[in-house]
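Each of the two complexes below includes chain A, the first together with chain B, the second together with chain C.
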Partner chain A sequence: MNQLLSAVINGVATGVPLFLVASGFTLIYGVMGVLNFAHGAFFMFGAYCFAVMLGGQALSLPMFLLYALGAAAVIAVLGVLSERLVFARLYNSGHMINLLAAYALMLMLIGLSILVFGTTTYHVPRPSPFKGAVHIGTVPVPSYNLFVIAAGLIVAAGLWFLLNKSSLGMKIRAVAHDRTTARALGVRAPLVGMGVFALGCALAGLAGALDSPMISVAQGMDATFAIQFFVVVIIGGLGSTWGALAASLLVGLMESLLVYYAPAWSQYGMYILVVIVLLMRPQGLFVRGPAITHS
Partner chain B sequence: MSVQTPAAPPTAPPADLASRATRALGRFDVPVVMVVVGLAVAFFPTNLQFLATTMLIYGLLAMSANMIVGWLGTMTFGHAAFFGAGIYFVALMKDFHLNPLLLVVLAGVVGALFAAFFCVVTLRLSGIAFVMMTMVFGQVLYLLLFTIKKLHGDDGIPGVLPGKLLGFNLLMPKYFWWYAVLVVGVCLFVMRLIHRSTFGHSVLASRDDPIRAAALGVPTLSIRTRVVILAGFFAGVAGALFVQQQGIASSDTLYWLNSGNIVLMCLVGGRGHFFGPVVGAVVFVWLNTQLFQGINYANLFIGGIFLVIVLALPGGLSGLPGKAVDLFRRLRSLRGGRP
Partner chain C sequence: MLTKKWAGAAVAVAMVLGLAACSGQDDNPSGGDSGDPITVGVLGPISGAFADAGLNYRQGAQIAADQINAAGGVLGRQIKIEAKDTAAGPQEASQAVRDFVSSGTNFLIGELSSANCLADAPLVDQLDAVFITGICSVEELTGQNGQAAPYTRTFRAGATSSANIVAMADAIGRRFPQVTTYDSFAFDYVTGHLQWDQYVQAYADNGKPITVGKDLWVPMDQQNYGSQISVLATASTEGEHKGLYIGTYGAGTASFLQQAEPYDFLKNYEVVVTPGGYYPVARDLNGSAPLVWNGYEYNWAAYDTPENDAFVADFEQLAGKKPITWSYVSYVAVLAYAAAIEKAGSDAPEAVAAALEGITFSSPQGEYLIDAVTHNGSANIVLMETEGDASDPEKVKMLETIVIPYTDTVTFNY
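Showing the complex of A and B:
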């Protein structure tokens, strides 16, 4: 029972960064039709920027949050730059060319990160109020994990509000639904696209910052993480933010439960999950209708 | 607000130089090209012969990926799985000292079997779900390298010797070059035959208009299955050649980034042209192993170069001669004052 509780909490905490990255990825796909392969690299850049800004010092909570948002802002700028320079030129070129451009961009970012940050491993300390463990009943739980879960809840609520209750969200949904009609009705689609790219990349950067105290920041983290959030996006359904939320929690839980109860299988967990979901519901859990086909 | 640039046409104009040349050669284009290239490289120094062999093997691999990307018009991010199946099969067989050609054929069969299994799993999927399953399949095989003790994870399986063929020791790069030319040439010739057969035409028909093709009685699903199995076969053959040449089976050949690189090769070379993927493979291998050799951030430049190619030449490098001819004609008509 104790083991189950800590497995669940750790699983949800691993799911939060996944959700942040996957929701940004799926948002960009939904609005612009770009499967942004470089998203994992943006996540890695976020983690690196954060680690460099902190320089190994443990901060108080407000400063920690400020630095994390700073890292997210840097990645947002990077995202807008890549949207202006690359994807804005490819809006009408179809999925294949976009995919290829995103892949080439990812290679560039991987190279750039080696050039800028080197191949050393960075360790990021937790913020000072969340260094220890909290006891729930008799179970010790790292308090930082609870903090990450809370941060994830806040971001999810913020996203929900932004997409469903604000006028900007309405414009984003309009462009995602039908770009041409939205433009005809006076929505400035290129601006919305830029904003969505900034938002999606900021989420990836924030995920990198929040995740960095739980992992070690090193080269190659983008490729392993990318596989995880691709799987999450497919399970949840491409283009569905709430699918991304449910699927990232599912994948996080599955992985941590397997680590506790069947360690030999822990790496295969998410693949088994995706195979089951794809065979039952090829379009993903949270997308109605037939499977999305691409041209 | 910026003005959106109009999209360039996705494929090269039909009358470009390269396709005109292949049309002139008729059905002998593959043998003629292979013999000419084979003879030319035979005069190169040994290290360049080794490099050319690597390029040729990657060329075959990219061609096999192009059967899925170009012929079927879908995507794959798990092609390294079939490549790796061939690699690890030959590496596991190293103590039996079989005939190298027999090993190559068997590796192809192993690749085809993996592809068949993959097809059974993904029978009901299409579109992005199918593409994602290629990636999942590749990653699961990659993880198996670390789970199954016999495959040695990151250490790989070293000491794979190519053996002897008709008394020639294939350890010598010049003999291996001709061996690779023979195997790859036969594979490309067979691919060309398939591409031109009625089966090939129904593949292209179901890519261009799946609904109409299905209405005309083309079994689109079974076509996809057969093409993927064939692609798995040729990727397995490429894997066997690769491990025979390199002498070691290593885990990173199966990583999903390698699958991505294979797709990059075939799209950068151009899907529109039959030999396009080989061009892409040659450029990629040259950039990776020669131009930026020893720079650990080489990906910055490689990604940058490919990004420029994607933005400037959506039809791929093999559309370049056609574009050059177009530009030349336009310049001439400008100078002559004709419209």
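Showing the complex of A and C:
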């Protein structure tokens, strides 16, 4: 029983950080139709900015959060610049052109990160209240993981509120549904697009910042997470925020349960899920009807 | 009319390219007259996850070049270091070799990835260049068990994987005789499995077979090890005579240690060992690195020689930190070229390759030899015990270093 509890808790702790990264990616695709290959690079920039701002010092929780939001704001600006300079000119050029542009942007951002941050690996200490572990039952769980889980759930709730309960959300949904009609009805679609890009990239930056005490902030971390968040959005359904959350948890739980009960299969769990979803429900678990096709 | 213009332009471009190609086919194969610098090409990652290793590689080579140049150069000529990125894999590595050779740079060093080295070595033979690898630990690059080197123009400045692992297992086995059970956490790839098997086998060969407890393999493209760590956290209790073998490297090892920290379970193990480039990981952990034993070719504190002092001092001046194995092996490789060119009295690749066979020269570890038959370098293995120390300038406290002479490693023990 303890083992199962441990597996479930660790599965959730593995899944929620994945959601934080995947949420921005799926938001940008859902609204703008851009498969942003550079999302991993924005994630990496967020982690680097955060690490540089901290300078290796352990902070109190409020300061830690403030710095994390600061890093997210920097990445939002970077996202707006990318949207204005690259994607805004290509929205009507079709998926393939956008994909290639995103790939080129990714390569440029990786090169830029070497110029700006160098090749050094950064270590980010956990904030002072979250250095140790707490016990849930008899299962030890790092307290920082619980903090990240809480942050992920707050982001999920915030996104839900923004998209479904706010006037801005209505405009975003209108642009996502039909950009031309939305513009005809007075929605400033370019501004909405820019805002969505900024938000999506800020989420990547925030994910980079919050994940950084658990991982190495180093060159190549973009690629490490790119496969995982791609898998998450494939399983959850491109463009679905709830799908991304559910898929992240599913991937985390699957991997964790396999580590405990079938360790030899643990690293294939994610891919087994992808295969099953693509065979049974190619549009993803949380997207109704056929797969989204932005034109 | 437009077509004619384009055709004219195409002919002009073709002529320029043709002339450029002709000018690349110099009579002097080393690319320049006797007053020109001799260029050593460094192959290795400039971008990607191992960019820092590549930077250390280039810095080590640069220190050697600077020291040689300050002493008057080789045959009165200066040594110049150039680098090309091979982070993308064997195809990019092969292209880099071709580019170097076509621009007249025939003396190559470097590479981190064994797959790249296996692509480079036959190409180097084919192009009549010379290659000294540092870190590629794959045994097929040079002769093993006294056998002749499989590639006439490829040499090794570092040690093989088995030399490192077996030496480490021998020394750790003697140091911690009560440790009879090991848990393992390692990357799931060919070398990861090979090294773990070699470690277990080395114990068995010494008549002290170990029991394998938890045996956890993680993919190389992930950094979230929460589930595996929670399994390990419950697998060990304090006071057990148990060891932990960490077979990850770089960011993987750093992430593992960061994620393991809140569980505080590493203290339950009597010994934590890891092969390969661990020192920079410990350094990057900014004082929070746990107590770990690591085996690799070099540590700055291992040798009390004037050559080592000079290397460490010059490296610190250039990079602002201590040199590591990656810097050391590229440093040794450039020293080897300088010695071979001096011995050959020429920078013709064929003569330099012949001179490298059986050459000896001074190095930080003492006299260094490249075996005439196998092409293996006489790399010692350094076993080091380290722990994070926030007050240390390097953020790492060197607790102990044990040098295992190359004559005691499997590379030369035949």
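Basically, the second predicted complex is superposed on the first by the 290 of 295 C-alpha atoms of A that agree within 3 Å, B and C clash if a C-alpha of one lies under 4 Å from a C-alpha of the other, contacts with A are read in each partner's own complex, and residues count from 1 in each chain.
Convention: a contact is a pair of C-beta atoms (placed from the backbone, for glycine too) under 8 Å apart; a residue touches a chain by one contact, two chains touch by 3 or more.
Just so it is clear, the model here is predicted, and its values are computed rather than measured.
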item	value
Overlay on chain A: chain C relative to chain B, clash or fit	clash
First, second, both or neither for A:T180, with chain B first and chain C second	neither
Which of chain B and chain C A:S256 touches, first, second, both or neither	second
Partner chain(s) touched by A:S167 [first = chain B, second = chain C, both, neither]	neither
Which superposed partner A:G11 touches (first chain B, second chain C, both, neither)	second
Partner chain(s) touched by A:I234 [first = chain B, second = chain C, both, neither]	first
Which of chain B and chain C A:N92 touches, first, second, both or neither	first
Partner chain(s) touched by A:S143 [first = chain B, second = chain C, both, neither]	second
Residue range of chain B overlapping chain C upon superposition on chain A, of 9-17, 63-71 or 153-161	153-161
Contacts on chain A seen with chain B and repeated with chain C across the two complexes	110-111, 114, 119, 223, 227, 264, 267
Residue numbers on chain C that touch chain A, as the complex places them	46-52, 54-55, 188, 215-219, 221-224, 226-228, 230-231, 233-234, 250-251, 254-255, 258-259, 261-264, 280-281, 284-286, 288
List of chain B residues in touch with chain A within their complex	1-2, 4-8, 10, 75, 121-122, 124-129, 131-133, 135-136, 139-140, 143, 147, 255-257, 260, 263-264, 267-268, 296-304, 306-307, 310-311, 314
Footprint of chain C on chain A - complex, ascending	6-7, 10-11, 13-14, 17-18, 56, 110-111, 114, 119-123, 125-126, 131-133, 139-140, 142-145, 213-216, 218-221, 223-225, 227-228, 255-256, 259-260, 263-264, 266-267
Residue ranges of chain A touching chain B (in the complex, touch as defined)	35, 37, 84, 86, 88-94, 96-97, 99-101, 103-112, 114-115, 119, 188, 190-191, 223, 227, 230-231, 234, 238, 264, 267-268, 271, 274-275, 278-279, 282-284, 291-294
